[in-house]
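All chains are identified by letter, namely A, B, C and D, in their written order; residue positions are counted from 1 within each chain.
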Amino acid sequence: MSTLALLLTQTVNALSQSALLFFLGVGLTLIFGLMRIVNFAHGALYMLGAFVGYSLTHWTGNYWLALAGAPVVVGLFGAAFELTILRRLYRRDAHAFLMVTFGLALVVGEAVRLTWGPDALQVPAPPALAGVVFMLDEPFPVYRLFLVATGVVVAIAIWQFLERARLGLLIRATSQNADMANALGVDVKLIRSCVFGIGCGLAALGGVLAAPLVTASNGMAGTVIIDAFVIVIIGGMGSFLGSLIGALLIGFVQVFGNYYAPDFSLAFMYLVMLAVLVMRPGGLLGKEA
Amino acid sequence: MSGQFRPSRRAMLKVGLAGAATVASPAILRLTAEAQTGPIKIGMPVALTGPLGTVGQQTKRGAEFWAKLQNAKGGILGRPIELLIEDTAGNPANCVRKAQEMVERRDCRLITGITLSSEALAVVPKLGEWDSIFISGINGDGRLTADSFVPNFFRANISGPMGTRAVSLYLRKSNMTKFYGLGLDYAWGHNSIGVFEDEVKRGKKEFVGKIFAPTGTKDYSPYITKIRQSGADAVFLVMQGDDNNAFLSQAQQYRLPEKVKLLTEIVDLASIRAVGDASLGLIGSSRYSFTYDQPLNNEFVAAWKKEYGNPPDTFEGEQWQCMKVLEAGIVKAGGVEAAKLRPALEDLEVESVKGKVFMRKCDHQGVQQGFMVEVKKKAGFDTPVPEVISTFPGDQTTPPCNAMTYKD
Amino acid sequence: MALLELDGVTRRYGALVALDQVAMRVEDGEVRAVIGPNGAGKTTLFNVITGTVKPSAGAIRFAGHAIGGLPSHEVCRLGISRTFQITSLFPEMSARDNARLSAQARHGRRWQPFGGAKVFAESEALADAALQQLGLGAIADQPAGLLSHGDQRLLEVAMAMAQQPRVLLLDEPTQGLSVEETAQAVETLARFLHASKMTVLLVEHDMEVVFRLAQRITVLHRGAVIADGTPDEVKADARVQDAYLGGLE
Amino acid sequence: MSRSTRVKTTTGMAALVVALVVLVLAPLGLPPFAMTLLTEAVILGLFAMSLDLMFGYTRLVSFGHAAAYGLGAYACGWMLLNTGMPLLFAVFAAALLTGAVGIGVGWMCTLATGVSFSMLTLAFAQLLYAISFKWTSVTGGSDGLAGIPRTVGPFGFAALSSKAGFYYLALACLVGGFLVCRALVRSPFGAVLRGIRENEAKTTALGYNTRLYKIAVVAIAYGLGGLAGALYAPFAGFANTELLFWLLSGQVLIMVIVGGAGTLIGPVLGAAFFMLMEHQLSAWTEAWALYFGLIFIAFVLFAPQGIWGLATGLAGGRLRSAEQRH
């Protein structure tokens, strides 16, 4: 394998991992930006997405329906949780959210295990994406290219949504100053439900998309929640662009780090985060904390 | 699970901090008196949930099935069998606490079914103090019968080094010459890859590299690329659970098996189900498979299918064998006290689902056949199944006493 | 020699010059108001003096010490205490505990990790005295967050006073108060300033308040001092009128 | 001080003394396993209490407090296994070492505030976790250190290695830790911590170098957390990577919140509650995590002040009704 081929395949590969990380991070950061909630259940919802995706694939026999359906199902679940539980807590200390989302993570995790059983479940990539393409004579899975493409599309969609759509404008306004938005007649309560739902749906999207790579399993939640935190912190809590940059940074660091210095793979991410926070305590694009 | 103990356990909870001490004491006295004649209690602190929940669930079923059949026959020595199964979530702190409760509060002196090596290694040093026997049904860590060996520990299952040894014995006959090793980055992975590297070199073949992946790795592409670049004919995997599934899925997506043969230290049905066709062609040692053509196994598989509908899984079979060894030991000893049971288990020979198992005295390792299997499609099964392609006698696969490496 | 002396103090934020060569002298016992249109740099001036913001250039001397660029906690311990434009209190603590914590900051035992009521006696005495001075004795046990807005503003002053500062910096002490509340607060402050002979630097928008409290006035415009004198002199100054009217356009 | 607060304080003191007497007498009546549980609850209680100094009193939310526990456990375990040091010495040396490391951690993490502070503590804990995994020669890698002895040492502390003796050691550490923490939060130093909790900018403006105070409180919390970890290693006989994992950091935060942050005693009760609930629920049902999660959510909704809030609320209610009767 030539060095060029190596760099090319690993770069595309890092982009595909960044896409998955981005789906997690952007949901977390939207929720934090609006509600100042660090959502500990984000990993559990990502896992829920993968399992819902599994069931939808099996019932409908169509991966694409699962891809579209799982985020909707999980997003609605998230919005319902916001409506019934979180809504009562906005005047409370931040640690109420910490505990309630921790509780939610446990409940979702166990509910998944009771519903789908303890064994990992196969979610194969759809036949159209199951093949390989040759990049400089090296086989590369089409599915990973699809992940990169999805990442680009979703990133642009969210960006345009926040910039152009009315709901996006309202979300940005409410993130900057909820009281002011409220005074101007924005239904802040509705916005919060929407954003929590959207954030959870994005996590679920990440889960469905990751399932063909790692299977749908009970262990999924624990392995991604910290990654998602790190991305969001590196980028700056609440910053959309920050979560994109954080996801790219961590995606590349993990892929190239694991290739060139696999012995340090447990430490890379944290060293990057330490370095970023020591230089910029609020994260790359965050406000000075 | 043993409903009759709930009242006193609830009392315990109340006692916990308040210190209403006298409530529980009579129960302890009663339990001690029961120990000679009451039910035979077997404690199983198992990881029923958490990353290795799948494995724990299998051990639980294997033991439960045995207890059910045995109790239907009137128990052992006329005493019913009572399994105390509790979840540790795979955390050694929980495992030690649960085991200690079984010993101290419920007067149970027999432990089995512990899931993780780290849990087993935390429990083993306490066995003397507890005056209890721990018979492993699935723990593969070589150290348990080597550096960390204690007299009250027995292993009825195939250890990691034994599995690796079977693979390397198989490879001596093959025409593959260059090998790579990929292991999970913890003790089991390091030990087994170490044994494999050693075996390959002694077999006058080439070991071209090794790499260790942390548990919970989601993207294996950098490793897959390294394996492909190494020019190896085959890669030896020491992986399990989610990590194994992720690697096998991604390796297939990268078309790795077309260039490099996949060998594994352990072939597990749950993994085969999780990754489907990505497991086809995988060759590895097997701890247990329902496809072994042994008279006792055919009988066991038939009974199991009748009970559960599916054939038994890897650790269901392993734990079943362990329970059969334990059963023979208890019958021979005429009781479960460590002082009687330890000598009874030593040099005990049992006819099992895998053939003969001989619990050698020197390090309490069960000497047994090693099986090599290949994962193939088979008519009548939705998912691929492991088929035996070779067997090796126990004296070839078992390491020297209290050792983890081989001499020849 | 003046107690507080600024010389050529400049603060730049990129291209923006928030403070431009500011020079001023505040004598011991003087009540000095700093006025100017919005964005004139009044709060930046306070931030630079108290060390919250470092000056880009220039010297600040306080009672013989060069304090330009010192961290704010050190400036504070030399004897400069301040209040904030936006009320900043410890809302769950009682008014007394607010003042006590403030007094303790100048205390040798502020690091002492043990000892209860006794070690606090001295700070508590200072705190109570300060609360009395500002007429807050009766509400000393109430949580600060539950006080009326006017009392909260006065509590901030009391907290600053509990430190027995040599200079007190008041940043818009009547900010956000109703007309009635303002009148009351100003009377209390005037009485207190008269009685205490405290050196005060005051930023205030409300000219009534300024003329009621201050002996001398410094006018800032676009970061630079454009006038400095008695209230009457300043009122008559053409540049001041221009700046204010200009600011209104 | 008003009459009712004085009554409340006296009742509180009386309740504490009664609890202490019960705890001291416990080994006389409790069966062996109850002692095992109680000892573990005491150790975890000390751990949770140490975090309360940071979390409850200073609003420094650490996502990595397991670092202190694990470091204390590994340091103590290593000394007991490799140096033949007596138990008491190893325990306190490990606590001191952890406290010293805490100074460095505090210095680093207080560069940031808010969620960034939390993430820096997490990063630090996870780096220690990675080290414990990789530095096999010292930490035993993924297997951890096992068979840690309770070396008695030369000064006739033989009683400490027994079950009851070790319990008394742990209890003495908890009571000592509590007295230290209580003195701390009531002292001038503690007043500054509360100031930082409520309004850090104002505290700085008042002339306090708040960063130094924060570094100090992180170091103290690490020292006490390290003491708890150092007790755990010889108690359980092992130390392994789980003790440094982020999951434990999350759990100890929950213990503090469930118990009642900023009350010192509350987190101790929270730790005991958490440990006993997990132990008992997992004995009754495999789906214990589900109930566990529901309990937390219920606590947030219905008992926002935690166990301590419930207890004092009940006691306060009785007092009020008693006053009404008079």
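Everything below uses one rule, namely that contacts are C-beta pairs under 8 Å (C-beta built on N, C-alpha and C of every residue); 3 or more make two chains touch, one makes a residue touch a chain.
Just so you know, these numbers come straight off a predicted model, no measurement behind them.
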Furthest chain, CA centroid comparison against chain C: B
Chain closest to the middle [Cα centroid of all protein chains]: D
Distance from the mean Cα position of chain C to that of chain B, given in whole angstrom: 73
Whole-Å gap between the CA centroids of chain A and chain B: 36
Separation of mean Cα positions, chain D and chain A [Å, integer]: 33
Distance from the mean Cα position of chain C to that of chain A, given in whole angstrom: 48
Residues within chain D bordering two or more other chains: 133, 288-289
Interface hub residues of chain C, defined as touching at least two other chains: none
Multi-partner residues of chain B (each touching 2 or more other chains): 48-49, 185, 214
Touching pairs among all chains present in the structure: A-B, A-D, B-D, C-D
Touching residues (chain side chain A, partner chain B) in the complex: 1, 6, 9-10, 13, 17, 20, 110, 113, 118-122, 124-125, 130, 132, 139-141, 143-144, 210, 212-215, 217-220, 222-224, 254-256, 258-259, 262-263, 265-266
Residue numbers on chain A that touch chain D, as the complex places them: 32, 38, 40, 85, 88-89, 92, 94-96, 98-100, 102-111, 113-114, 222, 226, 229-230, 233, 237, 263-264, 266-267, 270-271, 273-274, 277-278, 281-283, 286, 289
In the complex with chain D, residue positions of chain C that touch it: 50, 52, 71-77, 81-82, 84, 88-93, 97, 100-102, 104-107, 109-116, 119-120, 123, 159, 163
Interfacial residue positions of chain B with respect to chain D in the complex: 1, 6, 9, 12-13, 15-22, 24-25, 27-28, 48-49, 86-89, 91-94, 96-98, 100-101, 104-105, 117-118, 121-122, 124-126, 141, 143, 148, 185-187, 190, 214
Residue ranges of chain D touching chain C (in the complex, touch as defined): 183-184, 186-192, 194-195, 198-199, 201-210
